[in-house]
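Dropping the structures in below, format is structure tokens.
You will see chain A twice below: alongside chain B first, and alongside chain C after that.
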Partner chain A sequence: MTTAIQRPTRPPFYRDVTVLKWVFQIVFLIGIVTVFWLLGSFSIANLAKQNLAVSWDFMARPVGFQVAEGFTTLPESGFQALLVGITNMLRVTISGILAATILGVIIGVSRLSHNWLVNKLATVYIETIRNIPLLVQIVFWGIVVSIIPDIVVDETSDGSLKSLFGLRLLPEGWIFASPKGFAMPWLVPTDGRWQWVGFMIVGAVAALYAYRWRIRLQEAGTAEARAFLWSGGVLVAFAIVGTFAHPVMGIFGPVFGFVAAFFQNTPIIIFQIVLAGLAVGGAYYIIKKRLDELRTPAGLGKLTDDDWFRLAMAAVVASGLALFFLLQSGPVKAIVGQGTIFGQEIGLSQLFTGLESRFSFVSGAPFDFSLPAIDGRFNNYAADAGHVITRAYFALWIGVVLYTAAFIGEAVRAGVLAVPKGQTEAGFAVGLRRSQLLRMIVLPQAFRIILPPVGNQYLNLAKNTSLGIAVAYPDIVQVGQTIFNQTGQTIPIVISWMAWYSFVSLTLSAIVNRWNKKLKLVER
Partner chain B sequence: MTDQAIIDCRGVKKWFGDFQALRGVDLEVTKGEVVVIIGPSGSGKSTFIRCINRLEVHQEGQIFVDGIELTNDVRNIEAIRKDVGMVFQSFNLFPHLTIMQNITLAPIWVKKQSKSEAEAYGRELLERVGIPEQADKYPGQLSGGQQQRVAIARALAMKPQIMLFDEPTSALDPEMVKEVLDAMKELAKEGMTMIVVTHEMGFAREVADRVLFFDYGQLVEAGTPEHFFTNPQHDRTKLFLSQIL
Partner chain C sequence: MAEGTVFVETVELAPEPPPSGPVQWIRENLAYSVSSTITTIVIGLVVFFGLRALIAWFLNPFRKWSAATANARLLMVQAYPDDQFIRVWISVGIVVVLAGLSAAAWRVAGKVSVGQVAKGLLSVGSGALVLALLAPGGLTGGRVIFGSVGLVIAGIGYMWKRARKSSVNEPVISTVALAGLALVLIGVFLWTVKLPVQEVFADGSKEVTNQLIARSTKLPWTVQLLVLAVSYLVGVAIRDSISSLRRILVGLWALSFPAILMVVMRAPDIEWDTVLSVDLPIFLAIGALVGVILYVIGAPDAGEWKYIVSAIWLVLAVLWVLFSWYLFDPASSSPFHFTSSAADVLKRLEFKFPLILGALFALAAPSFGGARAARLRYIGVWLGALVLLIMSFRLGAASSLLELSGTAFVGGLSLTFTLAIAAIVLSFPLGVLLALGRASTMPIVRMISTTYIELVRSVPLITWLYIGSNLLNLFLAGVVDIFSVVRAITAMTLFSAAYLAENVRGGLQSIPKGQYEAADAVGMSVVQKTVLITLPQALKAVIPALVGQVISLFKDTSLVSIIGLFDLLYIARNVIPGQSANIGSILELTVVAAAIYWIFTFTFSRSSMRLERRLGLGTR
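For the complex of A and B:
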């Protein structure tokens, strides 16, 4: 008996799972956009009734307030004020992530320690920190700093200032503590620092090559690797030589100037075409890659309906973007620096002009050693001496670091414990030493397990920095609040906040996801 | 100790807390000998062979491997581990490394061989265990039988004088048992000194020089495979054999 092979018949579109799924998603998206659009227009209308037209003008206008700390304390515009808030937020986030990682690993390893005291201390730390709300902890640290005796200018003796910190390991006057925070010696960057940084970028590349070279030698069996030692050495060498030789980098100044002029003087239509081309090219690349993945020796694999929808979406989005770039010269002008964003000239051209002036054969040390000092007039730390960790910064920083480290510690412990005991035994059985076993067998496997939860903790830390408002730390939330108290422009400020935090979160998760994918075990 | 005894255990005792897992085991294994250990679950077979490469620490008695005594001396432990390969019931391959990296890891980092040298020998070993084409795959992509053969190759890569096998086929699907046993038989024929914990009596009969019966942490009975199949002495041995045969 033979039956003809039946082609599967397609169900009517209203019963087709794939069609339904995509239609549902598109309808959902349209619904959300509509809701927000309606909400937005209602609020705008309501605000207009109260004579408060929503406007972004404050971005370009001077603000009438001072920011407590940041790259400038007297921002020229609302935009710059928000920028100060953003950099302040980043300062806490980046240094906080580094410190919390180091402390978290130490805590996690201590929790695994066979040493009773170390183990119990780590446990107590984790249990305490995890069970107190972060907000309370930040306020607590703020209070701790505020009860330090205040700065007193000692005029009875020789008029010089006494260190108020009871630390006698360091010479008198190196470290100060007061309710205003802490002051300590610092390497204050000078004009030459940019050239030095340029030097260090070259150094980092060299260090990478040194690292690979040592690994290759090790693999070829000619030498012990000591790859970290070597690459570290190269970096240090560059740092030292760069301190003297950094003016060499000045040759890049004119190059940057040339690039800046190129962005400034090329007719805008060229950039419009290039950007439109990039959008189309990107879509083409995505589509081609997907098709290549499906291509087998036997010919093109069958595209699923999902694939069709995805490819169609890519094409639609790309054509939309391309059209946008071709028809709207404004945004393109802003990007290349021929126009403005929020009244600010912050495009590529300005970026390179900035680099040009920073790479101009400036000589002298890239950093100056500077001791902290006290400004008697304000009974405060002098602005340009040493480095000041303000009360607000310290309270927020120590708060988020201690808090996040407790969670990272737990993730590290769980990760190491999750590596099966058989792995250790197999490693010992082939003769590996304990250190080799940790480095080559246990940690790489533990790392895969640790990374996703720790990535989550990084996100939490970044978002938790907004709690700095409790100690008046001038991050983007606090600065934004000051602006809308003055201008009444709540909607633009809230949009700025959301845009900024989404940007940070998406960037962090993109980094973690990428890394995660790279580390994924190959399974059948 | 005779001159040829490559493993010499004298009165080995081992406790896990209150529980005594080994109650004084005496055993001499000569070079090239294949010893099969059988016995009920929990009788201390694994514990005993794991003492031989110091995955477990014995508390009383002495263990000499190739004339070196196993003590707390790190140098002795390292020397002995280089000389003793081990294959586990659950393979324990390193899942984040390719098959070739699994095999060459120890030769490169412990024996300080060059990568090319280690890889050349690694390919030879994969050839011997019958899976030369899998070198660049990861353990997760292989079948159980293939993984266990890789584990054998990994142990052999250190050119050990002695191989320990702890129930190497117990975690395998029945159709894969043979390929692993064949690799082991091959090894036995080449004159490797082997201690094998297994219940594969066919294997014991074919290649074992001696069979040991363990019970309650003691070596109850020892003899040729023939002895065990025809006239076991102890009641416990008889009972055990009647259950597995």
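For the complex of A and C:
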């Protein structure tokens, strides 16, 4: 017996959900575009009233101000000034993340301690720090730093520290304090440092292999792993040997020179074709992957309008990019280093030329131990002697570290508490001590739970460094603000801020997601 | 049964009570192993010297705490005119009345066991005693009183705790009685306790006198305490007879914020003839017309024409607003030449926004209409919304009667609260819409929402505040002159909406698929499904996250001090230390500001924890 298959009749277009959906979306898109167009035209008209036009010229022109600290204090161009801001922001972010992680773990573990005093101290710390705005804390530390010298500095000397109970903890002349900041001894990098860093990269790869090798041995049952010990030992060995043997890396100099010449001399059309090809290939890969996902054993699954949209977007974006690369040689030239961007030559070719000059054979130690020195009156520290932690840097750094550590501490505590109790009991049952239990059983398992919130905190820390503006720390926000106060170019500066912070956020979350994926429990 | 079985009589002995007492406590919590003893001693020494140094710092006669106490008014409300100061007290009074009524309506009164009270007394008293003993300089003067009061309290607590053990049934005390006692004590302290205050005279001489803690505000605060007690009692009296008291209170809370800000604090100059000759006719005409339309459209029968008519209505109304706002300014012929103030724009838009609101109500009418009673209720909601809309236009357009020294009528802590409340209230609908957009099946909407959320979240707030304070004027200069506080609120709203959207999205993802399928099965429309099924569950699930966001937004308001708004931090950091009498008091004032922030944030976070427990979240 056969039954007639009733084909569903399509409803009229004004009742068809798909049609209505798309009509709504197109109207919505037009509305958004209109609003932006209106805002844009208003701002251009308003700028024209002030005889201003949106322009990026300031990036190439010299700026008329001094930056308080950074790799250079007299930037040659707006671009370089922003670059100083970026490196300053990274300095605080990276060292802050390291310190906040260490402190946060200590706080988190202390909050779980059975010792009443330790436990309460950690609780008081968290409840105090977490409930006071970070900005207030940074301002507070900024004021505190400027009065510390009154307390710790020996009045008779030039800024050197007092002795404590008649005991001098450090030799005289090692640490100075003044309202401008602290100066301390430092390993000042010299010309050989790049080769040494190259050496250490090789060392890191070797350490990774050592780690895997030890793990393999343990899994085979032949030896106890001690993987961290081994890989750490390899790193230390490389660091020591590298101090003397780093000129070996000089052989890479000519290699980099060759690469630089390649980028400089190859006709630009070849790079254009390669980039366009990459764009098209990427789109092809994405579309194919998506189609494969949608494929059912019975053949290609039914594509919804959403799927069609995604595939079409991938194709359109890729062809747009490919056309852009093929028709516009300027950006491609800037990328490979045959042209300029914002008046700067900062392409791949220049990168490798720089590496070549830094890797060619240089002898001597990569670092010099240097003591701080006073230059003139009122504790003006000499520029390249020792290391100076400025007041602004210290206030911002200690502020974000203490603040983030409180949140990391809470994340660590939550993660440790989330490890099933049976794990702890089993650990005690096989006779582990409490410290061993934490190190070998609880923390590795808690790590998986801790990572996502802590990654979020790292992101917050990176963004919070922008509060350094309250103590005049020259990060990208402060430098950008100075530039737009001078030139009136608000829109380009805002775009640079957004571009930089989006880049940082995307990079950090990509790293955290990668780790997260790696640590995920492999389930059936 | 086998012979020779021996029956042994066993006596059930009560289990021996675990050993207790201070020594045992120390053995269990401070010195349970060699390493823990060493840790305790080392940390204890650090805490001892640290606390001692802190107390010494606080009690140092060189500290200028008087900079904060003498400028308490500046810290709270900036330079609010003296002759109008009663308005500030009325605002506080409104909040106090609502708080008292709400405490009664939600029956916050509970029972607390005597043991807990005794324990609390013991720890508070011994804490005070320890502080008095630790203070460097020995027990002299006020420290003796402080320490002995602590000793007495601790003693009462300890004796009470010991006495409790003998009784079988643990007695309980009502928390209301405790709170009442605390209020009475506070009231008495206001009138009796004196603290040394250092006064600096014009000729540079200083004098230390003992003065009451709140010497100029003791009367208003006493009145507020009384009002709190009375409103609680009134609430208790009426909570059983008025069944919808809670709902009314929620509405009053929602209205209280704009009412305080726009009416009480701002003192608007309302032209009553305009209200009678313009607003009332508009309200009657549009209210009645749209009411009739809603009654027809809300009827329970199918028909696309309702949606089509409402949509055309909405588009026409929006276009009318856009055209009259942006393109055809009656004062000038060129489209890019405006000289209107915000008040003018508001006046011109007064007729048009009610039409947009009406169109929105008409669009949603088929979803919420139905039987006659439901339709009438819906029309009631419409009329209420219309009144609020027209009133806010009238109040926004009215000029203020205050003669201010600065530009803003709120400053200090009240600005901090204004920013936080306005931003969270305004960002709530936007955030929910963004979350729905990101979770929607419409790719373009989803793409735009996702881009917005991710872009806003990846850039720090201070950047958005700069964008608000610089770009917003660039975008709209000449169209509307936006007040600096409003610019900050706009930036914070747009910023907070993105974070709120992510929280709400978490809630949306936690809803089981069956809920959607069930809603589809009973034939709900998309709007009904979202408003009646999805959102209530999603929002309930993310209440803790939302409270967390309120807390972080409250802390984030301090950032507006960087762009030069006179909030609590700005006044503490830049204004008061600039007064000639208070130079060099910046550290003290920063500490005071930190303490004020801390008190509020800590209270919020503790109440959020209680709320979480009450809702039973996280325990399922």
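The rule we apply is simple: the second predicted complex is superposed on the first by the 421 of 524 C-alpha atoms of A that agree within 3 Å, B and C clash if a C-alpha of one lies under 4 Å from a C-alpha of the other, contacts with A are read in each partner's own complex, and residues count from 1 in each chain.
Simple rule for what comes next: a contact is a pair of C-beta atoms (placed from the backbone, for glycine too) under 8 Å apart; a residue touches a chain by one contact, two chains touch by 3 or more.
For clarity, every value in this text was computed on a predicted model and none was experimentally measured.
Student: Considering only touches as defined above, state whether A:269 meets chain B (first), chain C (second), both or neither.
Tutor: A:269: touches no partner chain.
Student: Does chain B (first) or chain C (second) touch A:428, or do both, or does neither?
Tutor: So A:428 only meets chain B here.
Student: Tell me which of chain B and chain C touches more residues of chain A.
Tutor: Result: the larger residue contact count on chain A belongs to C.
Student: For A:204, is the partner it touches chain B (first), chain C (second), both, or none of the two (neither)?
Tutor: Once the two structures are laid over each other on A, A:204 reaches no partner at all.
Student: Examine A:441 and indicate which partner it touches, taking first as chain B and second as chain C; both and neither are also allowed.
Tutor: first
Student: List the residues of chain A that touch chain B in one complex and chain C in the other.
Tutor: none
Student: Which residues of chain B touch chain A once you look at their complex with the stated criterion?
Tutor: Counting only chain B, the residues touching chain A are 53-55, 78, 81-82, 84-86, 88, 90, 92-96, 105-106, 108-110, 112-117, 137-138, 140-141, 151, 154-155, 157-158.
Student: Can you list the residues on chain C that touch chain A in the complex?
Tutor: Spelled out, the residues of chain C in touch with chain A are 29-30, 32, 36, 39-40, 43-44, 47, 304, 308, 326, 336, 441-445, 448, 454-455, 457-463, 466-467, 470-471, 474-479, 555-556, 558-559, 561-562, 569, 573, 586-587, 590-591, 593-594, 597-598, 601-602, 605.
Student: Which bits of chain A are touching chain C when the two form their complex?
Tutor: 14-15, 21, 24-26, 28-29, 32, 38-39, 41-43, 45-47, 114-118, 121, 127-128, 130-137, 139-140, 143-144, 147, 305-306, 309-310, 313, 463-464, 466-467, 469-470, 477, 481, 484, 490-491, 494, 497-498, 501-502, 504-506
Student: Okay, in this complex, where on chain A does chain B touch?
Tutor: Its residues touching chain B are 218-222, 420, 422-423, 425-433, 436, 440-441, 444-445, 448, 521-524.
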